[in-house]
Amino acid sequence: MLAHLAVLQLAKCGLMPGRAGAFDTPGVCTALEHRFQVLHSREIMVTNQGVEPMATVRLLTDAELSGDAAAVFADIRAVRNDSYVNDFWRALANDPATLQRTWNSLKAVMAAGGALNPKVKEMLYLAVSIAQGCEYCIHSHTAAARGKGMTSAEHGELLGIVGMAAQTNRLVQALGIEPDVAFRVT
Amino acid sequence: MLAHLAVLQLAKCGLMPGRAGAFDTPGVCTALEHRFQVLHSREIMVTNQGVEPMATVRLLTDAELSGDAAAVFADIRAVRNDSYVNDFWRALANDPATLQRTWNSLKAVMAAGGALNPKVKEMLYLAVSIAQGCEYCIHSHTAAARGKGMTSAEHGELLGIVGMAAQTNRLVQALGIEPDVAFRVT
Amino acid sequence: MLAHLAVLQLAKCGLMPGRAGAFDTPGVCTALEHRFQVLHSREIMVTNQGVEPMATVRLLTDAELSGDAAAVFADIRAVRNDSYVNDFWRALANDPATLQRTWNSLKAVMAAGGALNPKVKEMLYLAVSIAQGCEYCIHSHTAAARGKGMTSAEHGELLGIVGMAAQTNRLVQALGIEPDVAFRVT
Amino acid sequence: MLAHLAVLQLAKCGLMPGRAGAFDTPGVCTALEHRFQVLHSREIMVTNQGVEPMATVRLLTDAELSGDAAAVFADIRAVRNDSYVNDFWRALANDPATLQRTWNSLKAVMAAGGALNPKVKEMLYLAVSIAQGCEYCIHSHTAAARGKGMTSAEHGELLGIVGMAAQTNRLVQALGIEPDVAFRVT
Amino acid sequence: MLAHLAVLQLAKCGLMPGRAGAFDTPGVCTALEHRFQVLHSREIMVTNQGVEPMATVRLLTDAELSGDAAAVFADIRAVRNDSYVNDFWRALANDPATLQRTWNSLKAVMAAGGALNPKVKEMLYLAVSIAQGCEYCIHSHTAAARGKGMTSAEHGELLGIVGMAAQTNRLVQALGIEPDVAFRVT
Amino acid sequence: MLAHLAVLQLAKCGLMPGRAGAFDTPGVCTALEHRFQVLHSREIMVTNQGVEPMATVRLLTDAELSGDAAAVFADIRAVRNDSYVNDFWRALANDPATLQRTWNSLKAVMAAGGALNPKVKEMLYLAVSIAQGCEYCIHSHTAAARGKGMTSAEHGELLGIVGMAAQTNRLVQALGIEPDVAFRVT
């Protein structure tokens, strides 16, 4: 997360030429050397994963896809008209059945031509993702909503609503009140 | 929740005339009598709260409002053009400062004339309330969204999106993946 | 929820013969009469919904199902070998497309013959439902897990694990720590 | 939840003497009779559970406790100096090991004599219960906090903080921002 | 997150002088070169965002603030008596209305002089942030609570309570029990 | 998180020899230099924390443990038959009482010899961790479940169940339905 610090410290300690001398706070280099030794002593560090994105499964490249998974990827690209397939699908591709089921459901739910327009749908998706605290989903659906036309003003209003709902949801729960009779479906 | 059962059983056991004899399963009346005794032995039952809505604070009647709270209630009625004030506000009225702050914020966030129309705003509010699992809020904002024009078809699509987002949110988190570089704000 | 109290109070106040005289706390009947008037004054009470289960949509009877929804119900009954269809599906039936998609996905995910046995699958479903705080789901999946053979001892261990995970999840988040390098997929 | 309605409707329809004639909306009694038939047709209704509190396990009476569970109950009563044992423990008593472990941990965490006073501890417990949306816990810990001296003013401030935190938590997550370097532990 | 690894691997592969030769596991450099190519092929990498903190909106510098936003920043600095404005506000500043409303509410809720002292208020804020799983908020409010006097012992007790509440919350929900009559407000 | 970008940009700008010239997009180096100055101007950067894992408390080394904490670490190592102690415990070690209580409870709950086998227990733990959105816990318990024999097929089915439960949980809550009478414990 704070990678730039590590880099800067390496520079500062003369471990990365071209920046040496820029900073000089006593003890930093010694601490850095110590940390390196700690990491090294665990024998964990010298692997090929340092620059891979993190995940609990491998993110499959196109070349690693099964036939079923490759077919789903082809459909994702066709439906979205975009060659880029994001890492969620690359992770899900480890289980082709779940990949296919999830994509088919998502495609049906988010399809154009329903009662709600695509931008509103994507904003609802985003609102849920925020309320559930899914970091990846927040980033991906903010980008998607923008791609479908969400303006900065609309984004701002969505944030206002999400924040307000989050607040009143908890207040209501704290107050322990039951739904008014007036809310009942008739 | 299952009050009709209690009532029916009372009837069955001859405790509520007019329905006696409709059902007759051995042991039910004995169990019912036992339960009454258990409740009675706790000396909790003979209060005046049985038919009050449940809450962790008193739900204030109009007559019980402080001057500040009454002013907020007047504004709620004016803005909504509806004399009915739901129980959330009656509970919140125990703390006039929070009542006022919450209403003012809500009024600003949900005001007409912004980038999003009132129906979409209310649907976003509902989506968050579902995602956070607030029962009261789900009932109140479903009713409110319908009041602002949400059709059954739109409600159905909203449910589809909320369900799908809930699913992919957890899948993404299970997969432990970090946001794609492609999602970054430029 | 506390329906028995209302019933008992009605009895106490002589409104329900057969129990009169069992209790006598001053003021209860007056309060009860007052509450009735409050409810009545709202003109909400005299509807036909008092004994209907609560929901944000109508719970459809078999006779009210569309053709598509009826076909899904038939499949639910066939797969489960049980004529009883629980209220979740009766609510979802208002949107046949979501009903069908949800049932098809659920059927595929919970199908026998996979790597995990049906009892374990149902216990995982229950664990998630508890962690997400879905009251209905907790009741339905506890019943389902029992139906698939979950013993009281297994239920007890599941509860122990859910409680422990809930605790350490929050402790970990409170501590703000990042995943150990040792957990990375290789 | 809305038991009073059922009771009132029974009264209205002449099924509960003493209230007959108080209300008269066409169709209500017919609907009520219909609902009774629906419930009856499911052959579910005629059990002894209508007046039992709801739970996924039996709430054990003192007489039903195992020896180990009875010992825990005795300790709960001694520590709290109160003969009343609430339903959480009666449910947990089905698994004496979890009952004991949970009580022991709770007793240690909430013990007097630490850095925080008992009222503040209980208010923190309540705040978490609200944030996690646990209805029972909110009711029990609101009662407990009041029992330990929480005033209405303090309760009001707690609600204000919970609501504000809920709001900013979601705003922060929506904004997708990483912790400032300035927050790091030094 | 694991930036030091990338740096070390670069060093190991001779891409960062001064550390070359420190480690040598076969295949690492090849994997690293491959990863670089993968990233490069996406044409995403060569932007100016690599060292910017992540967010779904731009984090505004003081120079980029609107007049309204600048006024809020001035008030934040004055109230906190600290020139540092953390990134939450820099993100929120994209929507001056939400910035102002949020800050005003927060200021009112957290103001000194109420029934609860500032340290307890901040600890309640922290407890909610943990329970809702907001990483940024946990870091910021842990820092803030320390700044208002929270000791390590108090922090430890807070963690114990949060963990215990998280556990019993889920146990209660798993048990599906309704609030005891004894908890009702009288 | 995106540390490789920082590294690559440093390279591109000639700040990290051996990669210079690989990329050249106008303005990147200038932006990078600017960012360095921003960070520097905050006087935060030149500390010894850049390469430390992030946390709200210090992660204690073995040498820093109190006697009580050291005893718990010894037991963790003995029970797991593994010298590696993950960072959760190193963070918790700041409060030896919570460390001990948490470890003792976890050990009891996850102990072999119960009704459920260790692999199933770990998978339940993982399912809860996903449902609660605890990133660290998801990584650690995915690794632990694999260590106890969870296959990729089992992991895939677990993900399918978690996703499906997440979806139906929210649908049920959105529909606002109460548990069927049929689910009641008899």
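Each chain gets a letter, A, B, C, D, E and F, in the order it is written, and its residues are counted from 1.
The rule is short, and it goes like this: contacts are C-beta pairs under 8 Å (C-beta built on N, C-alpha and C of every residue); 3 or more make two chains touch, one makes a residue touch a chain.
Quick caveat, the model's predicted, so the values are computed rather than measured.
Chemist: Kindly point out which of C-D, D-E or D-F repeats the E-F interface, defined as over half of the contact pairs being the same residue numbers.
Modeler: C-D
Chemist: Identify the chain pair with more contacting C-beta pairs: B-F or B-E.
Modeler: Between the two chain pairs, B-F has more contacting C-beta pairs.
Chemist: With chain centres defined as C-alpha means, what is the inter-centre distance between chain C and chain F in Å?
Modeler: 31
Chemist: Whole-Å distance, chain A centre to chain D centre, using C-alpha means?
Modeler: 35
Chemist: Which positions in chain C touch two or more other chains at once?
Modeler: Chain C, residues with two or more chain partners: 1-7, 16-17, 35-36, 39, 42, 45, 47, 49, 51, 54-57, 84, 97-98, 101-102, 105, 108-109, 128, 130-135, 138-139, 142, 156, 158-160, 162-164, 166-171, 173-176, 178-179, 181-182, 184.
Chemist: Report the topology of the inter-chain touch graph, choosing from line, ring, star, complete and other.
Modeler: Per interface graph, the chains form a complete graph.
Chemist: Quick check: in the complex, which residue numbers of chain A touch chain B?
Modeler: Counting only chain A, the residues touching chain B are 53-57, 59, 84, 86-88, 91-92, 98, 102, 105-106, 108-110, 114-116, 120-121, 123-125, 127-132, 134-137, 139-143, 151, 153-154, 156-158, 160-180, 182-184.
Chemist: Would you tell me which residues of chain B are touching chain F in their complex?
Modeler: Going through chain B, the ones touching chain F are 1-2, 5, 130-131, 133, 135, 138-139, 142, 158-159, 162-164, 166-171, 173-176, 178-179, 181, 184.
Chemist: Which of the residues in chain A end up touching chain C in this complex?
Modeler: These residues of chain A touch chain C: 1, 39, 42, 44-45, 47, 49, 54-58, 97, 101, 105, 108-109, 178-179, 181-182, 184-186.
Chemist: For the complex, which residues does chain C have touching chain D?
Modeler: Residue positions touching the partner: 1-4, 6-7, 10, 14-17, 35-36, 39-40, 45-52, 54, 61, 84, 133, 138-139, 142, 152, 155-156, 159-160, 163, 170, 176.
Chemist: Going by the contact rule set out above, which residues of chain B touch chain D in the complex?
Modeler: So the residues of chain B in touch with chain D come to 1-9, 11-12, 16-19, 23-25, 27-28, 31-32, 35-36, 38, 42, 51, 54, 56-57, 94-95, 97-98, 101-102, 128, 132-134, 179.
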